[in-house]
Structure formats: C-alpha cells, structure tokens
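The first chain written gets the first letter, and so on, giving A, B, C and D; residue counts start at 1 in each chain.
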C-alpha cells in the first residue's frame, strides 16, 4: 500500500492538493482565500499532468545538435501546462480585480456579509 | 487543395476574434456596436452558406488547423449540425444585442461600451470554437475564454449585487473548468491523445480490454461534471438566477440563450464522438444525467414559482429547460435510436430562440414601467408596448408547450424518445409535472402584464417612467418580431430542421 | 359576469390574494395554489430562513463531496500508468513524432516551443485571447472613469503615492538601476532564443513585463511614461496581437489548404515574428495588470 | 535527489494546507508565493525547464505582485485591518 503511494508520489500529492484547493474554493468565506484555493487547485492539476509526461532518466526536450541523450521526457504535457499556467494567471488577475472592485463598493470581502448587503440593496 | 467553403468555420472564428480585438481600440460604443453587428451578421451568413453546402450532400469534414495532419496538429470538424447550431447562435446573438440595445446603452457606461462589445465578440468566438472543435484541449482553452467573457458580460451593468453575482458565477465556473481539466488530464494519461478521433479509438480499445477502467470512468465523470456545472445542471445551478437575472437585458439573453448551450454542445460532441453512447450507458453515466435532468426540470420550475423578480424568474426557468436537455441526453441510445439526443438538439434551438425573446421582452416591459422588475409593478405594461407583450406571451406559451409553438415540438419529441427506452413512465410523468409547473409561473406572469392597472398605479407609473423609455423602440420591435417568427417556424416547420439535426447527429 | 368583476377577480388572483372562483379557465391549477403568494416581507423572511438552512448543510455537503472526490481520484491515480515509465500510453507516436521531427518541421529544436507555436498553434491563439480578455476585463473593472469621484480610501492611496514620489526609496532605485539592464537582457535572450533553449514568447514576455514593472515601481509611472506612454502601450498591444492573429490566420489557412508557399508554410520563417509578437503581447499584458492594479489606469 | 523530491512534495502540501488557515491575508499570500516557488523547483526536477521559468516568472512573480497590490488596495497590507 505504502509502496504504491510512494511509487505514485507525484500524482498522490497532486490529488491531495486538488482536494485542499477544492475545499478552500468551496468553503472559505473570504474571497481572496477562495482565489488562493483556486490557484492551488489548478497547480495540482498541472502537477498531475506534468508528472504523467515524465520519463525516468529522460532529458529536457531540447533536441540540441551535438549532445544527443537517448531519452527525452514527453513534451506534450509541458506544452499543455504552459498554456494552463498562462490561462490560470489571467483568471487570477481578473478575479483579484473583481475583489478590489467589490471592496471599493462594500468595504469588505467576506462573502456572507456581502450576501447580506446585496440582499438589502436588491431591487 | 480543399474546396473553398471548408475554410468557412475557421474564417468565422477568426473574424469574431479580430472584431473583438478591434472593438477594444475603438473610442465610441456606437462604432463598436456596428462592427459587432456586422461581424455577427457575416458569421451568420457564412454558417448558413456552410449549412447549404453540407446538408444536401450529407457531408462532414475535418479541417486541420495548420499543415500538420491528425493526430499531430489541431483540427476542427464541421457537419450539418455544427453549421446549423452556429448559424442559429450567431443570428440569436445579433438579435439579442438588437433587442437589448436601448437597455445596453442605458446600463453600460459610455467608456465601457467598446470593451463590452469586445466581450460579446469573444463570446461569439468561443461559442463557435466550442461548436466546431475536434480537440479536447482546444475545448478547454475556449471554455476559459467563455468563462471570462461571460463574467464580464454580467458585471458590465455596474451594480453591487451584480458584482457579487459575478464573483459567485466566476467561482462556480472555475470549479467547473478545474474539474474538466482534471478529467482531461486523466483521460490524456490513460490514452495519450487529445484529438477526438484518436481519443475515441483509444477509449474504445480501453473499454474493450477493461484496462484502466477506474481512471477512464473518473475522467468521463469529471469532464461531464465540469461541463454540467458550467451549464447549470441541476445540483449546480444555484449561481445562475442571480447572475443571469441581474445583468443587462442583452447579456441575460446571450448568457441564458447561448453561453450555456456552448458547453452543452461540447458535451454532446464528447458523448457521441469520443465516449460513444453505448459505453456511457454501460458506465451508468446516462442514468445519472437522466436523474439530474429530471430533478432539474422540477427544481428549476419550483424555484421560478417563488420568484417575483421577472428576470430572475426567467433565469430559474432556464435551469428547468437545461434539465430537459440533460434529460434528453440521459435517454441515451434507448432501443437503438438516439432519439433523445435529437430532441435535445432541437430543444437547444428552441431555448436559444425563446429565452432571448423572453429576456428582451421582459427588459422592454420593465423599461416602460420605470425600470421596475418585480412582477407586481409590471402590471398592464403590455399595453404600453404591445409588441413586447405579444412577444412575452408567445415565448411563455412556447415554454409551457402549447401546440404551434416551438416548445411543444421539443416536448413531443422528448416524450416520443422516452417511448423507445425503458424509462417511459418516469420521463412522461416528469414532463407532465414540469409542464404544469411551467404554466404555474408563466400564466400569472402573462396575465399580470396584460391586466389593466388601476388608475392610481397607472398615474404613478406615468410619473416615474422615463418618457424616453416609453417612446417607440424600433430595434427592439424588429428583433422581437424576428424572434417570435423564429418560435413559430420552430413550432410549425420543424420537419426540415429535424432532418438536418438527424443527419448532423449521424455525421457527428 | 361583467367585464369589470372578471378583471377584478383576475387582478386579485394575479396578486395571489385569493383564487378565482371560476376555475374552469385554469384547470391546471394545483390545490396548493390556494395559499396566497407571500408578501415581499414574508418572502424576505422566508428567503433568509432558506439561506440559513442552506448555510448549515452546505459545509457538510462540501466536505463530503470533497472527501468522496479525493477518494475516487486516489483510487484512480494509483491505477494509472506507473510513474516515469517510458512505455506509458501517453508516450505514444505523437510525442515521438514531436521529438524526432520538431526541428525539421518547425525549425525549433525545443520540442515544447515547436509544439506550442506550430503543432498546436490554435490553442496558443486561444491562450493569447485569454490574456487579452483578462486585460480587457481588468480594464473594465478598475479603470477610473473621468469624473468618477474618488472615495476616501483612494485619496489616501494617492497621498501615499505622492509622498513616495517625493521621498524615493533609495535602495529600490539603486538596485533597480543595477538590475534592470540584466533583466532586459535576460528577457531578450529568453524571447529570441526560445527555439533552441527553454523559454520563448510567454516566459520572455513575462520577464520583460517584470522589468517594466520594476522600472515603474522604482522611478514612478511619470518617468516610464516618457518613453512608454499610454498611446504607445495600446498601440504595441493591439498591433502585436493583430499581427499575431493575422500571422496565425495565414498560417492555418495556407497549411490547411496545402498551399506550398515556402515562406508561409515553412514555420521556420514565421516562428520568430510570432514569438516576438507573443512576447510583446505578454509583456504589455503583465505591465497592464500592474498599472491597472496600482493606479487604475494604464 | 529523491529525498529532495519528497521534501518538495511535502513542502507543497504543507504550504497549501497552511496558506488559507492564517488569519492575516498577507501571510496567506506569502505562503502561497512560497508554494509557487517550490512548484517551480519541482518543475526543474521534472526536467521541464520551460515550466520552471514560466512558473517562477508568472506564478511567483506576476501573481505575487498582483496579490500584494490587491492587498494594498483593500488595506490588508499592514495587518492593522484583518479584512
């Protein structure tokens, strides 16, 4: 059992991180902490994806002339994760801007208080 | 050398993206508006031409994005169904903008208008790409584009409750795309492909050998759950009423009528092209979809009955209508015919036509009543703008499922699809129950707007209402009339449309 | 029954105070409907009650869902192909093809760059759209509009900024003076050398943007504005993105139609301009985020 | 090498679990930035230098800056105001 877990250490860590991020995204009442939770969740998926493409003893996939290692790691997951990281930072920026805007309007970023106030303000 | 028309799908995506970029540098909202309308109209035309080329010949084709053939490069795939859907999506997008034009320029401040149209164009691009894509990772990227632009569409009307609705919407969407990405990762881990045809082969091989059964099931479940969250499938619909109800009219119409559908189209494509229905039935996924769909049909209507706020009521009713679509998907293969799938596709069209009509009319009705949105204050508003009243009535009757209106046909086909499966009784009963519930909130709403207000209230409204808002609204009238005609076309001339859908589903 | 009383009853029913006596019209009416619609106050109380009930069961449900999800995922990942093996399904002919043919087909010896820029170019186009959209929506949210009054908090921030301008941070300025040339050099190296070494448009652009941010933080936006004004910014951003979209459009259309124009189909000729355009777009995006967050305008 | 891997993975888990638990948002953000840096090192260990550069520049750099600016704008920087 333990051996299996250690064998798959990257994917197990990734799943645990995903769980942590998921729980924070759902349960935190503070908007900023929710965003941190989302970031952790995304990083977890990237970790899982990148670990799938790793090959024991493989070199970075830069096929330079002269030096020619026999084994390279899989370049596809790296490319996907690269795209994913950029998407994730864009969304982080967007949600942080939204949080600032909400703070400017309500003076708080706790979701339960915000909901209460929005209800009062609603038409 | 491929025929020229095969370039049309990519061309329309490209046009939408370019228009989005250009809108951001325009100074005036009016110019951005014109550019957006032009692009959308051109895209509608291109999709219609594509449909004209594909359907009579019964063709579908794969278009490699670049010079690398599958499985090395990106690709998109177009068939009659995709062409039909994208033509309807583009046309409805233009009509929603046209119908909500006055509200839009009233609700969105002038400095923000060009960026608003950037968001609209990017939404259009993501809808088109989600419809056409033949690659799951491309699907993920465009899901994220759709997320950001949809959130921006909600918050363009800058009120406090709207901001909070936006952030709840954003977090739910992020959850959905996170789950989708995780599912995609697992799927890629056990198959090694991203392009749908190669994925389908690998999945079929895995399913036959029974290898990696659990990861495969988990991947399927996660991807469907992710798309389900984003398209407001029943247990995950709580974000929807506030987000769709609070936005400006055009945004509500686009979000409810189109954006939700983009995810569902991707889901349908995944279900048919990659996982295939027999495998999903074997895994029990279709049953889960069926149960959630049935529950959604009831729960959405029940929460709509509680609502007084007309736009939130319409948004809640979207949850119920999405429930219908998922129910159709959940019927799966039935006894060999994918009738549920066809009915779902038809219902996508019906809802894409009806909901924008209802939202535009609701927006217009509340505009002539001093921008009040509660049903109580809309009393008699239909007499102040007859077209809006008629449009709302038509939309409502179609949603209830009265013959001659579009909604009736889709309900009929859902019912007949259920006959060829072993879940006939429960599906028919729920459709009946849901029809009653629909009537329970739409009939009072229609009666309320057509009922003469008493003298006191009328005077009060005349004082509060903006005279400019009471003036004849040409763009709204045009768009409402076209959408109303669309509802009737779907309800009366449904046969050719169903033929297109049938041939499209078989070529998916 | 006269018109007036019919209307009257209808109004009463629509308001939900009493149901109409004549029920033939509304046969679909269910018996529960006899209870009146709640007044707004009752409705609010009921809503709040619902919310409280919801908040009670919500955390428990979330924890259960999360635990179940993690359990399923753990079971799934330990049954996944083993970590680090070369014959896993993910290492199939696609990745071998990329490793073997990237240099020949795309002119990039870094397989990741080659894959991002040419094999899966459409994804990258989408990714740039995400970046562009993020800047646009942050602008939508944070740009101060002319005539919008500042609140007390913003005034305080502005005062702090002014104070900081008068008494610049010496350590920051000196270290910035020392670091910025190296950062820019590194950015250019990563940007231009992405084909044959790790890096490329996205990383290089980010580092370039980071250099701009450091400059703005140390010497103020005014000084940066002398050579990088708002107009220049928006011109570079839009032009970079349009150029990039256009190049990709050409690349995709010619590639898909099998047109053999050497200059276009050979990605080797196009990948440098595309890489540069990506870099510019990313640098502008990153700097744009900073400027909008820090002072509400670009 | 493998010990370093375990150390980094454990560090990731600790940072992720701890980050949202702090009452002060500033600490949360700092711990999250540390998480990103650990991840960047891990990418280098996984032979993905592209990812390492991007993660260090984007995940730790740009996101960090954006988080700190947000904290400044919502007055949670100095710790006097625990939003």
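Note that in this section a residue touches a chain if its C-beta (ideal position, glycine included) is under 8 Å from a C-beta of that chain, and two chains touch if they have at least 3 such contacts.
Remember, predicted model here, so these are calculated numbers, not experimental data.
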Chain-chain pair with the highest tally of contacting C-beta pairs: B-C
Subunit C and subunit D: spacing of chain centres that average the CA atoms, whole Å: 19
Calculate how many whole Å lie between the centre of subunit A and the centre of subunit B, each centre taken as the average of the chain's C-alpha atoms. 28
List the centre-to-centre spacing of subunit A and subunit D in whole Å, with centres computed as mean CA coordinates. 11
Rounded Å distance between subunit B and subunit D, as computed from the means of their C-alpha atoms: 38
Quick check on subunit D: which residues sit in contact with 2+ other chains? 48-50, 54, 58, 62, 66, 70, 73
Would you mind listing the residues of subunit C that make contact with two or more other chains? 73, 77, 80-81, 88, 90-91, 94-95, 98, 110, 112, 120, 123, 127, 130, 133-134, 137, 141, 153, 198, 202, 289, 293
Touching two or more other chains in subunit B are residues 137, 141, 144, 148, 151, 155, 182, 188-189, 374
Interchain contacts, given as pairs of chains that touch: A-B, A-C, A-D, B-C, C-D
Subunit A-touching residues of subunit D, taken from the complex the two chains share: 5-6, 9, 12-13, 16-17, 19-20, 25, 28-29, 32, 35-36, 39, 42-43, 46-51, 54-55, 58-59, 62-63, 66-67, 70-71, 73-74, 76, 83
Subunit C-touching residues of subunit B, taken from the complex the two chains share: 1-2, 6-7, 10, 14, 17-18, 20-22, 24-25, 63-68, 71-74, 76, 109, 111-112, 115-116, 118-119, 122, 125, 129, 135, 137-138, 141-142, 144-145, 148-149, 151-152, 155-156, 182, 186, 188-193, 202, 212-215, 217-219, 306, 308, 374, 376, 379, 436, 439-440, 443-444, 447-448, 451-452, 454
So, in the complex, the side of subunit A touching subunit C is made of residues 4-5, 7-12, 14-16, 18-19, 22-23, 26-27, 48, 51-56, 58, 60-65, 71-72, 74-79, 82-83, 86-87, 90-91, 93-94, 96-98, 100-101, 104, 112, 115, 119
For the complex, which residues does subunit C have touching subunit D? 110, 112-113, 153, 157, 190, 198-200, 202-203, 206-207, 209-210, 213, 286, 289-290, 293-294
Subunit A-touching residues of subunit B, taken from the complex the two chains share: 137, 141, 144, 147-148, 151, 155, 159-161, 163-167, 170-171, 174-175, 178, 181-182, 185, 188-189, 194, 309, 372-374
